[in-house]
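All chains are identified by letter, namely A, B, C and D, in their written order; residue positions are counted from 1 within each chain.
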Amino acid sequence: MSFSKLTRRGLIKTGAVASAGLALPTYLRADGHSGFTNAPQGDTVTLGFNVPQSGPYADEGADELRAFELAVEHLNGEGDGGMMQTFSSKVLEGNGIMGKKVNFVTGDTQTKSDAARASAKSMIEKDGAVMISGGSSSGVAVAVQALCQEAGVIFMAGLTHANDTTGKDKRANGFRHFFNSYMSGAALAPILSNEYGADRKAYHLTADYNWGYTTEEAVRSSTEALGWETVNAVKTPLTQTDFSAYIAPVLQSGADVLVLNHYGGNMVNSLTNAVQFGLRDKEVNGKKFEIVVPLYSELMARGAGQNIKGILGSQNWDWKLENELGSRYAGTNAFVQSFGTKYGFPPSQAAHTCYVQTLLYADAVTRAGSFNPCAVVEALAGFEFDGLGNGPTLYRADDHQCFKDVVVVRGKETPENEYDLVEIVEVTPAEQVTYAPDHPQFAGGSLGTCNAGA
Amino acid sequence: MAILEVKNVGKRFGGLQALGDVNLNVAENSCHAIIGPNGAGKSTLLNCLVGKLIPDTGSVMFDGHSVLGRKPYEINQMGISRVFQTPEIFGDLTVMENMLIPCFAKRDGAFRMHAIESIKHETDIIGKAEGMLEEMKLIEKRHMTASSMSRGDKRRLEIAMCLAQEPRLLLLDEPTAGMARADTNNTIDLLKQIKEERDITIAIIEHDMHVVFSLADRITVLAQGTPLVEDTPDKIKGHPKVREAYLGETQDAA
Amino acid sequence: MFGLNKKDAGLLIVVAILALAAPFILNPFPEGSAMAQFNAGYPDLMQRLVIFGIFAIGFNILFGLTGYLSFGHAAFLGVGSYAAIWMMKLLTMNVIPAIVVSIIIAGLFSLLVGFISLRRSGIYFSILTLAFAQMSYALAYSVLTPITGGETGLQPKYTDPRVLDKALEAGQQPRANLFGLEMNQGFQLEMGNWVFTFNAGYYIAAVVMLVAFYLSIRIFRSPFGMMLRAVKSNQQRMNYTGLNSKPYTLAAFVISGMYAGLAGGLLVAMDTQVGAERMFWTASGEVVLMTILGGAGTLIGPVLGAGFIKYMENIVSKINKSVLEQWFAFMPDGIEDVLVAIIYPFVGKGWHLTLGLLFMLVVIFLPGGLVEGGQRIGKMFRRRDANANSIEADAAEQRKPAAE
Amino acid sequence: MDAILLQILNGMDKGSAYALIALGLTLIFGTLGVVNFAHGALFLIGAFCAVTFSKILSLSHVVIDESQKDFLGNPLKVEVPYIYDMFGQATGDVIIDWAVPLSLLFTVPVMIAIGFAMERGLIKHFYKRPHADQILVTFGLAIVLAEIVKYFYGANPIPTPAPSAFAGSFDFGAMLGFDPNTIIYPYWRLVYFAFAAVIIGGVFAFLQFTTFGMVVRAGMADRETVGLLGINIDKRFTIMFGIAAAVAGVAGAMYAPINSPNYNMGMDFLVLSFVVVVVGGMGSLPGAVLAGFLLGILESFASMSVVLETLPGINQIIIYLVAIIILLTRPRGLMGRKGVMED
C-alpha cells in the first residue's frame, strides 16, 4: 500500500512511538488530500501487472510481462522510446508519468479468477498499485475489472476477447484495447465469403464457456447474414484434450467448413486433431473442406505447428502490419524494433495490447493532470488516437472498448522463421466492425460511474 | 431356558457347503463350547450369529427374537458381544478411550450426536470405565496407546470392552489362540471369574482342549459343517465318535 | 475456560492472540525495506489465511479424525460461495444471511454427496467424492452458466433486485457489510517506519475462525470426536461394539462440508465474486495438502498448513527478477547475477516448484507435518527427553481426551 | 449406423490410450502397493522425451546468410541441423520426420533409468508409509517434474508431428461399403491403437509366461511369503517400477503427435487415469484395461451431438457419472479384489 511519506516522516520527527492513523470509512486508506485510492506519493508511481505465470497461458503471460517492462522502460525515458515516437498524443516525455518514475509489481493470475483477484488485491492493498493491467482470459478480465471498480483503481485489460468484458460485465474503471468476438465475426465473415464462397455449410465446435458462446454467436450471425448455413454447433468441455470424438462426425454432417471456437490449448489440440483426420484434404459438396479459427494467437499457432497452414482467423494486431500495409499502421515497426532488439524475437499481439494499454494509461494521466481514476476515465473515454500500430483508433465512451481495424490472417504455407507464422490476408476497416453500444450481443450491462475509491 | 436357539442353519460358499444343518441351543447362564477340526464351520457359524454372514437356511433366535438380517451393531445392541481371535481393539486410541467407547455405546445406543459435550463431564461413564479397568488390572496402563500393549493385555482389554456393554451373551472366538501357556492360564482364570461373578452366557469356539474342558458346561462338536454330538464335557471326553473325528488327532496336545 | 481443559484453553488463547495481532505479526518488516516483500499483513491475504484456515479445520474433522480422504471438498466451498453471492444479489448485501445460507446449502449438498460416497471406503470413497466435485465444476463452468456465471463468475451489481436493501443509485457499487460496517473499512497504525493495517473484514473473519476453531476443539474432545477416531482406528470393532459407524462418518462429513460452506460464504463476504475454478479438483487437493502439511489429526496443524500454502502462493509468486536484483544490488555484479540466476527459478513464476519441493521435504522428513516439526524443535530446546519415541508419545499426548 | 460405428472406433482408440496409462499405474500399485500420483508426470516425461529427441535431431549450427534479412533488418541467421552435415539433407529430413517413432529408442532407456532412480531414491522409503503419505510425496514429485519441464520448454504446447507417411486418414467407410468420408480415421491414431495393443499384450504375456512375471505375480499376491522363499523380490520390484515407467513413457512419447505436449499434460491425465484404475478395480490389470475401453467408448458416445441435444453437458461429466454408477453397483470396481485400498 502506498502511504504518505510526509506523514510518516512527520511522525518520526515528533517521536511518536505509536499513533493510530485516521479511521477512514473506505476500502483502502486514501490519502487525505488526494481523494482517491493509492494516490502516488513522492517521486514514484506503482503499476500492477497481473499476468498468468503458471498454468496453460504462462508463455503468453511471459510475453505480456516483457511488453510491460518495455513500456515502463520507455515511459521512464530509457531505451529508444518505442511507440512514444509515433503516438499521436505527444504529452509523454520519457520522464515517467507526470515526472514520477514508474515502478511496477507483478503477480500470477494462474488463469483463475480467484487467484487473479487475490494477486490484484495484493498489488492494490500491499504495493499501492494505482493501475492494474494484463491477463489472458475473459474470466480473469471480468473478475479483476470488477475488483478494480470496487477498489477505485484503473483496469487496463490485457488479452480478453469475449464480448462480456465490454458488454454485460463492463465497468467504468475498466478499459479494453483488444478487439472482441463480435469484431472477429464481423471482420471474418466478408473475407470468408470472398475466399470460400457464399454457399457454405459450417460446423461449429465451441468451447463450453462464456467466451466460446459469444464467439460462436458472433461468427454464426455474421456468416449466416452472408448466406452461410450452420449445420451443427457442438460444445466441447474446457478440460478436453482429445477432440477426436468431436471431429470424427464432422464429415458425416455434410458440412464443408469447420469453425473452431477454441482458444489456447483447446485450439492447438482441436486444430491438430482436425488436420490429423485429414479434413483439409477432403472435398465435400464439391468444395474443398476448410477450417476457420476465429481468434488467432501467435503462441498457439506456434503450438499447432504445421497444422495452421492455410487456416483463416482474425487478430488484433500483427508485427508485420506496417511493412505490408504501409504507414497507416505506424508505430508497429517502432515497437517491433525495440521489442526485437531487447528480446530477440518479434512481439505477440498479447504483448502489443499490453504495451499500448500502458502507454495509453500514462498518456491519459498526463493529459488529465492527475492519477485520480475519475480524471483518467474522463481523459480516456472518447479518446481518439493514432500511431500505436492499429491505425486511427477510438476508445468509445459508451463501453470503453477500442474501435480499430481488425486483421484477418492466414497460416503461412512457407514460414521464413519460427515467428513468421501468419500472413495478413486483409484488414477489415474499423467502420465495418463497429456496432451500436446497445447491440444485443452486448446487452445487459452498465458502466456505472467511475470510482475513485475515496 | 435357551437364550440362543439355532435351528436348521445352512450356509454355502459357491460349491462348498460350509454349514449343513446346524441345530444348537445355548442355555442361559451356561458356558457352551463349540469345538471341531479346522474347516468344520465353527467360524462360519459364529459369523452367522453376529450378523457378519446371513445363513441361506434356518433361523437364529436370541432371547426370542430373530437376529437374521440385522446388522452387526444391531445384534450387539440386542446383547451379544464378540471377542475375536486376534484382539480387535482401537489401536490408535488410549486404553482408557478404548474402555469409554463401549460404555457410551451401552448408554447412548448405536448413534448419538454428542459433538459439543466434553467427555470429562461424563463422570458416570468415566467411573464405570475406570472400574472396569481396575477389575481387569489395566488401570495402570490407561494412558498407553492400546496398540503398544502386550497381546495378553490386549485380550484382557478386549474382554473388558465387551463386558462393559453388559452383554447377555459373550461369544469368544479362540480367545487363547497364539498365546503362551501362562497367558492362556490367566485368560482361563479370567473367564472363570467372569462366569462366576456375572449373569452372563458364554459361547466359546476353541481349539485348545485344556481351555474347553476347564470352562465349558456343555460342548457341541462340529464336523464338516454339521453337529456331531452335544453333551457335557465328561461325556464328550469318552465319546467314541468324537475320538474318531477329532480327539484322536489332538489327544496328545490335550 | 469455555469448557476446555487447561492445555486446550491455552492453545485457543494463543491462536486468538495470533489472530488478533496478525496485522503486527505478519508485517515484521518496515515499509520500503527490501524485506517488505515478505510482509503479509494486508487485508486480502490476512482474510484468505483465516478463511482457508477454517476450510482446513473443517476438512481435518473429516480426514484427521475418521481417516476418510475426500478429494471433493472444494465443491462444498464453491456451492457455499454461490449460495452466498445469490443471497447478496437477491436479498441484501449484509453478510449474515449470505454466510448462514452458504453453510446451510453446503451442508445439504454435503449430506447428499456424503450419503452416496460413504457407501464405499478407502480410495473408492476418494474417487466418488472427486467425481462429484469434478461434475460440479464442469457443470458450473458450462451448462449452468445462467446460474453460476460460468467462466466470468458472478459479482453483485447495482441492478440486482436486493429486496431488503435500499435501491442503490445508478452506478453505485454494492458493498458487503455487517449492519452497515463495510468489510473493507479499516484504519492504519503507523509506528516509525512500520505501517499496520486493521481491517474490519479481517477481524470479522478472524472471529469466525476462532469460533470455528473453538468448535473444532470441542468436537475433538467430545464423545463424538472419540467415536470418529474409533472409526479411523478399527471400524470392525466399532460395529461389534454396537455402534453404527455410518451416521458418525456422515455427520463428520456434513460438519466438514458446512465448514467448507462457511469458508466459501466468508470468501464471498470479503471479496464479492465467485468463479467456478474454486471447485476444480486442484482446489480440493489443496486443502488435503494444507491439512497433511500442517499435521492431520492435530488441532492447530491445518491452520498452519493453510497459512503456509496461502503465504507461498501470494508472497513467493510475486518475487520477480527485478525484485531479486534489488535485493542483491549491494553485491558485486558477478555474484549478484549468479545469486539471481540460482534463486530465480524458485520464486515468482517458479513458485510451484518451491511448493512441490517443500511438500516432498515435509512428507519425507516430517510425516506428522509442521506440527511434528514444531515438536521436534521444542524437544531440542527442552532436551529433557532423550527417548526416541518421544515424538510419538507427544503426538499421543495431544490426542488424549479431556477426560484424563 | 455409420455414426455409431465411428464412435465405437473412436472410443476404442481413446480407450487404448486410457488403458495404456492405467496399466502402468496398476502395475506399480499391484506390485509395490504404492499409489503413484507422479504417474501422469512419467507420461509427461515420455512425451517430452519425444520432444527432446526431435530437438536433438534438429540441433543446428548457425550460418549467416547475407542475402536475406530477418525481421529487424539484420542478416538472416539460417540454422542448419548437424544431421544434414552427417547424412545429407535428404536423409536428414527423413530422420527428422521419423523423430517420434525413433525417439522410442531414446525414451525407453531414459524412462527405465528414471523409474529406477525414483524407486530406489524415493518410493522405496514409502512402502510402509500410509497411502496418504505416498499420495502426497508423489504428488509433490509430480509438481516438481512438471515445473522442471516448464522451466526448459515453457508452458506452450510444442508441436511434435508424426512422420508424414502417417498423415491423413484411412477411409473405413469406403472399405465397409458406406459412403466415402463417413468413417475416416487418422493413420497415426490407428498406429497408436496397434501400439497400445502390443504393449498391453506384451505386459500380460510377460507377467503370465516368464518366470520373472510369475514371481512378481506371486509377490503381488503375497509379498512376505515370496520373500521367505529366498527370492529377492525387492530387486524385481525395482525392475517392475522401471518397466511401468517405461510403459508410461512410451505411451506419452507416441501420444505426442496426437496432442502437442505441454508441461501440464501429466496433471490432465492424472485424474483421468486414477478414475480408470479405480473403476477397473485397484490392482487389477485386466480391470484397468477393461475400464479404459469402457470409459473411452462411453465418452465418445456422450460427445455425439444427438446425445448432447437431449442431455446438454453430458459430455462434461460422463466419465465421473459412470465412475459413480460403477462404484455404487460394484463396490470394488469392475474387477477389484476385496480389501485393497479400502482403509
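Assume a residue touches a chain if its C-beta (ideal position, glycine included) is under 8 Å from a C-beta of that chain, and two chains touch if they have at least 3 such contacts.
Here the structure is a predicted model, which means the values were calculated and not measured.
Colleague: Could you tell me which chains are in contact with chain B and with chain D alike?
Modeller: Correct list: C.
Colleague: Along touching chains only, what is the step distance from chain A to chain B?
Modeller: So the least number of steps between the two chains is 2.
Colleague: Centroid from C-alpha atoms only, then distance chain C to chain D, rounded to Å. What do you get?
Modeller: Between these chains, centre-to-centre, one finds 35 Å.
Colleague: Could you put a whole-Å number on the gap between the CA centroids of chain B and chain C?
Modeller: Roughly 46 Å, centre to centre.
Colleague: Quick check: how many Å separate the C-alpha centres of chain A and chain C?
Modeller: A distance of 33 Å separates the two centres.
Colleague: For chain B, jot down the residues that touch at least 2 other chains.
Modeller: Counting only residues that touch two or more other chains, chain B contributes none.
Colleague: At least two partner chains per residue is the criterion; list those residues in chain D.
Modeller: Residues 312-313, 316 of chain D each touch two or more of the other chains.
Colleague: By the touch rule stated above, which residues of chain C touch at least two different other chains?
Modeller: 138, 142-143, 352
Colleague: Could you please write down every pair of chains that are in touch?
Modeller: Chain pairs that touch: A-C, A-D, B-C, C-D.
Colleague: Please name which positions on chain D make contact with chain A in the complex.
Modeller: The contact residues of chain D facing chain A are 2-3, 6-7, 9-11, 13-14, 17, 68, 70-72, 76, 150, 154-162, 167-169, 181-182, 184-186, 188-189, 257-260, 262, 264-265, 268, 299-300, 303-305, 308, 312-313, 315-316.
Colleague: State the interface residues of chain C toward chain B in the complex, per the touch definition above.
Modeller: For chain C paired with chain B, touching residues are 3-5, 215, 218-219, 221-227, 229-230, 232-234, 236-245, 247-248, 251, 255, 392, 396, 399-404.
Colleague: Under the stated contact criterion, what part of chain A meets chain C in this complex?
Modeller: 1, 3, 7-8, 11-12, 17-29, 53-54, 58, 61-62, 105-108, 112-115, 117-119, 121-122, 125-126, 137-139, 142-143, 146-147, 149-150, 162, 164, 169, 172, 208-211, 213, 235, 237-239, 446-449, 451
Colleague: Which residues of chain C touch chain D once you look at their complex with the stated criterion?
Modeller: Going through chain C, the ones touching chain D are 67, 69, 116, 119-124, 127-128, 130-132, 134-135, 138-139, 142-144, 235, 281-282, 285, 288-289, 292, 296, 345, 350, 352-353, 355-360, 363-364, 367.
Colleague: Which of the residues in chain A end up touching chain D in this complex?
Modeller: Touching chain D: residues 54-60, 62, 208, 232, 234-237, 239, 241-242, 244-246, 248-249, 251-252, 265, 268-269, 272-273, 276-278, 281-282, 284, 299-300, 302-307, 319-320, 336-337, 340-341, 346, 416-417, 419-420 of chain A.
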